[in-house]
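First the structure, then my questions, so here it is.
As written, the chains take the letters A, B, C and D, and residue 1 is the first residue of each chain.
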Amino acid sequence: MNWARVPGVASLLWAGLAVALLSLSTLQVNVTDDELREAVGDTASFTPDIWLPLLSFSGSTVMDIQSSNDLRVLTFGLLEANSNASDALADPTGAASLFWFAAFMAVLEGLLAFGFRNREEKLVRPLVRAAGIFVVIWSFYGHEPFWDWMLRGLFPTSPDLLYNTNTLVSLAGQHMELVVVSSILTITIGLTLGISVTRSAFREFLPLLSDVVNSGQTVPTLAIIAIMAPIIGFGFWPAIVALILYGLLPIVRNTIVGLESVDPSMIDAAKGMGFTPSQVLWQIEIPNAASIILAGVRTSVVINVGTAALGAYVGSGGLGNPIASGLNQSINPWVLLGALAAALLAILLDYVLGRVEYVMTPRGLQIER
Amino acid sequence: MIEFQNVVKRFPDGFTAVKGLDLKVRDGEITVFIGPSGCGKTTSMRMVNRLLSISEGKILVEGRDNRDFPAEELRRKIGYAIQQIGLFPHFTVLDNIAVVPRMLGWDETRIRKRVDELLDLVGLDPDINRDKYPRQLSGGQQQRVGVARALGADPPIMLMDEPFGAIDPITREVLQEEFLQIQEEISKTIIFVTHDIDEAIKMGDRIAILKDGALVQYDTPDTILAHPKDRFVRDFVGADRALKRLGLIRVQDLMDEEVIPKVQIRDDVDKARRVIDEHGVKSAFVVDDENILKGWVDVDGIRHSPRSLTEAMMEADFNEIGVRKGNTAREALSAMVARGFRITPVVDRRGKLVGSITLRALQDLVEQDWGEDEPQPEAS
Amino acid sequence: MKKYIIALSVALAALFGATAVAQDAPNAGDPIVVGSKQFTEQIVLGHVILEALKDAGYEVEDRTNLGGTAVNRDALEAGEIDVYPNYNGTAISNWYRDIPWAQEAIGEGTSGDAYASFATVASYDAALFDLIWLRPAPANNTYALAVTRQWSEENGITTLPEFAEYVNNGGEVVLSTGDEFAQRPDGLPAFERTYGFDLTEDQLIIIAGATPAQTEQALFEGANGVNVAMAYGTDGALLAYDFVVLEDPDGAQPVFQPTPVFRGETIRAYPEIAGILNPIFATFDNPTLQGLNASVEVDGLSPQLAAQTYLIDNGFIE
Amino acid sequence: MNRIAALGGLIATLGFFFVPVINLKPNRLASGTGFGLLELTGDGRYFVLFALALVPLVLAFRDDLESRGWLLSVSGSALFLLTLILPAQAGVMLLENPEPFLGEGAFIRSPRILPSGGLALGLLGAYVTLFAGGRDLARAGVQSWVRGVTAWAAPAIAALLLVGGQFDVYSILVEFYANGAALQQKFVEHLLFVFISLAVGFVVGVSLGLWASRDERVSPVILYAVGIIQTIPSLALFGVLLVPLARLGDRLFLETLAFFGIAVVVAVVIGGTYYFLADREPARLRFVHLLATAVSAAVPLVLFVGIFVSFVFRLANVGFTSGNYGAASNTVGVFFVLTLVVWLGGRWLLKPDTRARLISTWASLALLAGTLVSTVVLFVQASGSSRILGRVDSLETLTIRDLGVSGIGVAPALIALTLYSLLPLVRNTYAGLNNVDNAIIDSGRGMGMTPTQRFFQIELPLAFPVIMAGVRNAGVALVGIGTVATVIGAGGLGDFVIQGIVNTSIDQILLGAIPAIALALVLDAALRGIEGLLTSPGIKQVQN
């Protein structure tokens, strides 16, 4: 039943994607968005090329002086890349096209499926697959003609389709920036708290901590962001603080649960063999609790993607922006654009982290899926 | 009355657990299904109340094919006790025992009466335990409740799947004894699955030994021990089966009621000497007028005091030297070994001498086993 | 004992229910349901309508603060509400945006011309959706540029032409604005086109998704040398902070005149309503509305109270 | 030594030292000037707070558990109350003559006192101290109810003072008095759409979980699906739902009805062929077929339920918020509460299968009937309102939007919230039912219980606590996500939050946020209570 385990299926899928991209490149579509027309002319073909800067500059933080033209410049640069991509296909030495990438992935998966069937696949294959899928989807964020075309299909009559103040990819960039920064902080804080309250020295704080963290969960996300805004000021940081506060619960809870669930006799044995407390922690407890802790991290990051979308209301940018202003001015294409992109990003991150979680769980504790 | 008629159980994965089982379970008897794990004993039992469907053949319950009854109705009149007890943790003891009666729509007063008498039966004080929850009871108590629950609606038939399996040896002994006594009163038709041969011998009126889903031997424990059908059974019942069997045979089956070397306490010494000689034994029992065992007299005693028997005899309490009818041959043997007798008096409760049992008799018994064994090597 | 309590409670509940059901005959005469959008001015105007009609003896129902433009519009068309205050600019730029022929029909400058835009939306709405626009208020709650009074007096600037001149003469300007206003063609660019000035990027402080309240606060606190702020023409904060709004004589911006919009049925059923509301709305010029908004946004009065006091003070109701 | 107490004292002390306790705002919008405890003018009573903040630090070093516990509880309570009271008094004094404290050119109109960080830290410190005290008392073996009383004494008093108007100077309350009516309406709205979507989610989620636990082939499919839903950001989900629902809203009712009919027919056909072919199909194909049946059946079902629920919500919302039907809606409320009270109270106080218990059961049933009847009455009345089907004159022109389904508004909120409630419900139902010991079920079968009896008498009671935990998580989450629903015009408490952001008025934000938090906590507690009452003591013991 589990197709993912059938050897070669993945590589077949990749090959299929490659073919799809090839046929896509032959498709000429009318560009309707004005700025796009300026940039790429009336018709464009999307031969999606690989577009991979993970974080764009955070285009819009409060009180940070920045011209509106910069955005345009960025957009143009991006769109030129798209328009040239068709040449890139004609002459393979040009910009790396997603088509070639997919083809490469197909071959790689094939090799892994048949070559490495039994060796190391648990480590290599999930990561390769995750990375590959991430590149493909992320690259589509950069291809405005694609979105333009899709939205045109859904809203034939609507004059504005693409969000006019910022490109999707830079919005996604801001979003990722919010998520990454907050997640790093959240994970550091959460792990520290979780680990320290499970040490005998601070164990007495455990009930207090879990009590506080749990009740923190009842505060609505929107409320946290909203309260932070007037205090810290609008922009990047209120969102970050809210993200941290809200993302903390799953990590702390899972860290505690995970560490508590480690079989005491194992720890006892380790002590018996003369492990130092830190050795016990790093060599026994953490590895055995890894899967639970990582599950917490994953949950927390995914929650953060959602909360970051709300950041739009306190001017921290991100994919919430088109949704918010779309709703304000009742421009449904913007709403859908932002919503799809955000949902896609969340699912994508969830998937990638899921694979990472799977890989980082010690082999002995891995549950076959 | 339960009857297996060429019953076959095939599982979806193709494994055949029971291959044409044929046997009759007698009413009011405990029939033990035993065999190595995977022999199909539990499977066969679970087909009786149709927890498992029958692939081929049929099982008659009370003379009717058990597929004629609706499954639930069938199960409600067959008691069911399993190793993991399976009490409902969210019900009180009372509710647990009352499950079947309630399903049968008894009225509450009757149910309460029934529950109390059942709790008494299994040796739990109703007033203390009625409203407890299973998790408040010890393992042994839980199992008692389990049995009580199985007896809930007083079903004529009971299925017990290693009911005492999960309990420590001592408690198990006790429970077995108690259950045998209970069975004395209620005399249900019981199929009792176990993998412990001693339990089988102890509990079973009849034992069915299964192997790979087929019936190897089905007989009384005695016969199985005496005449194991083949090497498998012999190995299964174990090398000490002769002793096991002695433990199984009652004195009354071996004792000799005619030839008893006894003298009245008023007889004279010559009578005693004569008795001893004609029986070719070393000693004779001395009884009084009501034939109560008073002691014994042997040749040395006679030689020392040839005058009166009362001086020559050894006085002794009949409990010390005599064995009862009900005792096992094993106990008789140990009694003889203990006192170095070749012959031991058998007395009844009041000490009346009713017979004697000789070492020879035991020897014969054992020899006859071996004797019957030699000729048949690896049969079947 | 317990069972008595229970029985008692049952009886009590039953009694209560019976009485309630008895009282509540199905609603006599549908009330006039008043909706509004979710910002101060709308809520206040909604309550103005409520109070006025209530005083005139109508049965009214308060659904102010209902939702965004679309929600109110849907509710009105669906007859879920009978009236809500709307702006002609909103109708043109939001509502008729999705209708291609309307984009053709509604000429370029229309939205900037108070009467033209009103006439357009009023006639279209009446014809297409049977929605009746009453007479619009003189106030214009549109995008505007606000400066501190002190600054405007120092430089003698009260209108956009003067402002343009000042900018072109290389005056010191830092404009705090939201990205939307800065980039929408009918936002800041419209000002620049109409009055012929051009703010360079380092004269702009763009706050993503900023609302006037935020930009005004920035101006008030003078952060980063801000001396001009994006604002709405009738914001209460303007009064609170004592700002001056630069006039827009050539109508570079769409005109947003608050106007009660009714369902045709309602207004036909009660034609005299127009006679009640028109005079009231006629008194709403920018300062008045600013005052009303301020009394809610700044003083924290409840919109209902604010509206009531205004109507009483001006003798529309007792 | 009790380090928790020390921590509490530390938090409070530092808070009082370094963070402004209250903030004097010249008017509702402008950000004002903060006052640390030291800067507060007037007599020295503000130093009492310092003293109190230091007390736990000192007490922490005592050794006798019990006395320490009591002292900590007392000082904690005192700290809690005074942290609220004294700044309020200071605020009153400040407001008498604010000018000197505000900078030049401050535009002073009806200035306000905004409780500030120091106050929050003070309360946090008090909470931690109380926590520490409670822990000591627990270890000293004081009964739980005594501890409960000591812990809740201070908050209770604070509540009384609040009602008594002691804290009216704080801006949040000023805001509350200004918008009380609106708040009440929004609160009811919020409550309604949380409850309704939780109810629908409960039915759907539990049945899905049931299916998953019954058929291990579909379980991964179902669990994965609900998992994915959970990862989608709420804002995004609202956005994604907007378009299709808007399109649906434009459809005529009759069209939709026709489509519904067709969809049903299709589902029946597919399902029929499934049962017709059941044995002849190969297993894997049959599985796919089964899924196809489920999906095709789900389409009309979801459509119908969606429309129905949003219509019911519209009725309920009109009924409960418009005030024209006050009596009827109150009746519903009273009946509902009484039903719960009598039923739960009966279960809790009265011994099983006694006469009183029987009576209470019947009484609660009667009350339930009363609830339903009065609800129907309410809905009938509400449907008279112009807000229901106001414009509609004939069935032909009746669109789905008239029934309350449109891209903007409450329908997407209800759907999204229902979807979000699924994961915890499905997962917990699945886990709960799967963790029931097989031996127990087997002996149930062995004793001749029918599948229904087994489910209702064994599996459900045993899985109940787990399922309820799921309900609690879902409920709390929904209250939170519900606030976001304001952006698609679904109303609810989120309205205040968003407006607060727009007007940069923190009071308004809190006006929306605090009731939401309270609602979440109360809901959680209530569900816990019900769970406790309905769980058999036999399985409760092992839980804790």
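In this text, contacts are C-beta pairs under 8 Å (C-beta built on N, C-alpha and C of every residue); 3 or more make two chains touch, one makes a residue touch a chain.
Fair warning: this is a prediction, and the values are worked out from it, not measured in the lab.
**Q** Look at all chain centres (mean of CA atoms) and spot the one farthest from the centre of subunit C.
**A** B
**Q** Measuring from CA centroids, which chain ends up nearest the centre of the complete protein set?
**A** Given all protein C-alpha atoms shown, the central chain works out to be D.
**Q** How many angstrom lie between the CA centroids of subunit B and subunit D, rounded to a whole number?
**A** The separation of the two C-alpha centroids amounts to 64 Å.
**Q** Could you grab the centroid distance between subunit A and subunit B? Build each centroid from C-alpha atoms only and quote it in angstrom.
**A** 71
**Q** Using Cα averages as centroids, what's the distance between subunit B and subunit C in whole Å?
**A** So the centre of subunit B lies 96 Å away from the centre of subunit C.
**Q** Measuring centre to centre with CA averages, how many angstrom lie between subunit A and subunit C?
**A** Between these chains, centre-to-centre, one finds 39 Å.
**Q** Hey, what residues on subunit A touch two or more of the other chains?
**A** Where subunit A meets two or more other chains at a single residue, that happens at 312-314, 324, 327, 330.
**Q** Listing for subunit B: what residues touch at least two other chains?
**A** Where subunit B is concerned, no single residue meets two or more other chains.
**Q** At which residue positions does subunit C touch at least two other chains?
**A** Within subunit C, the residues that touch at least two other chains are 68, 70, 214.
**Q** Per the contact definition, I'd like the list of subunit B residues that touch subunit D in the complex.
**A** By the definition above, subunit B touches subunit D via 49, 51, 71-76, 78, 80, 82, 84-92, 99-100, 103, 108, 133-136, 149, 152, 159.
**Q** Please output the residues of subunit A touching subunit D within their complex, sorted ascending.
**A** Subunit A residues touching subunit D: 1, 154, 204-205, 207-208, 211, 215, 217-223, 226-227, 229-231, 302, 305-310, 312-314, 319-320, 323-324, 326-327, 330, 332, 335-336, 338-340, 342-343, 346-347, 350.
**Q** Using the touch definition up top, name the residues of subunit A that touch subunit C in the complex.
**A** It comes out as residues 59-63, 65-70, 157-159, 164-166, 234-235, 312-317, 321, 324-325, 327-331.
**Q** Within the complex, which stretch of subunit C touches subunit A?
**A** 68-70, 93-94, 97-100, 103, 179-180, 182-184, 200-202, 204-210, 214, 218, 223-224
**Q** Under the stated contact criterion, what part of subunit D meets subunit B in this complex?
**A** Result: residues 353, 437, 439-440, 442-450, 453, 457-458, 461-462, 536-539, 541-542 of subunit D touch subunit B.
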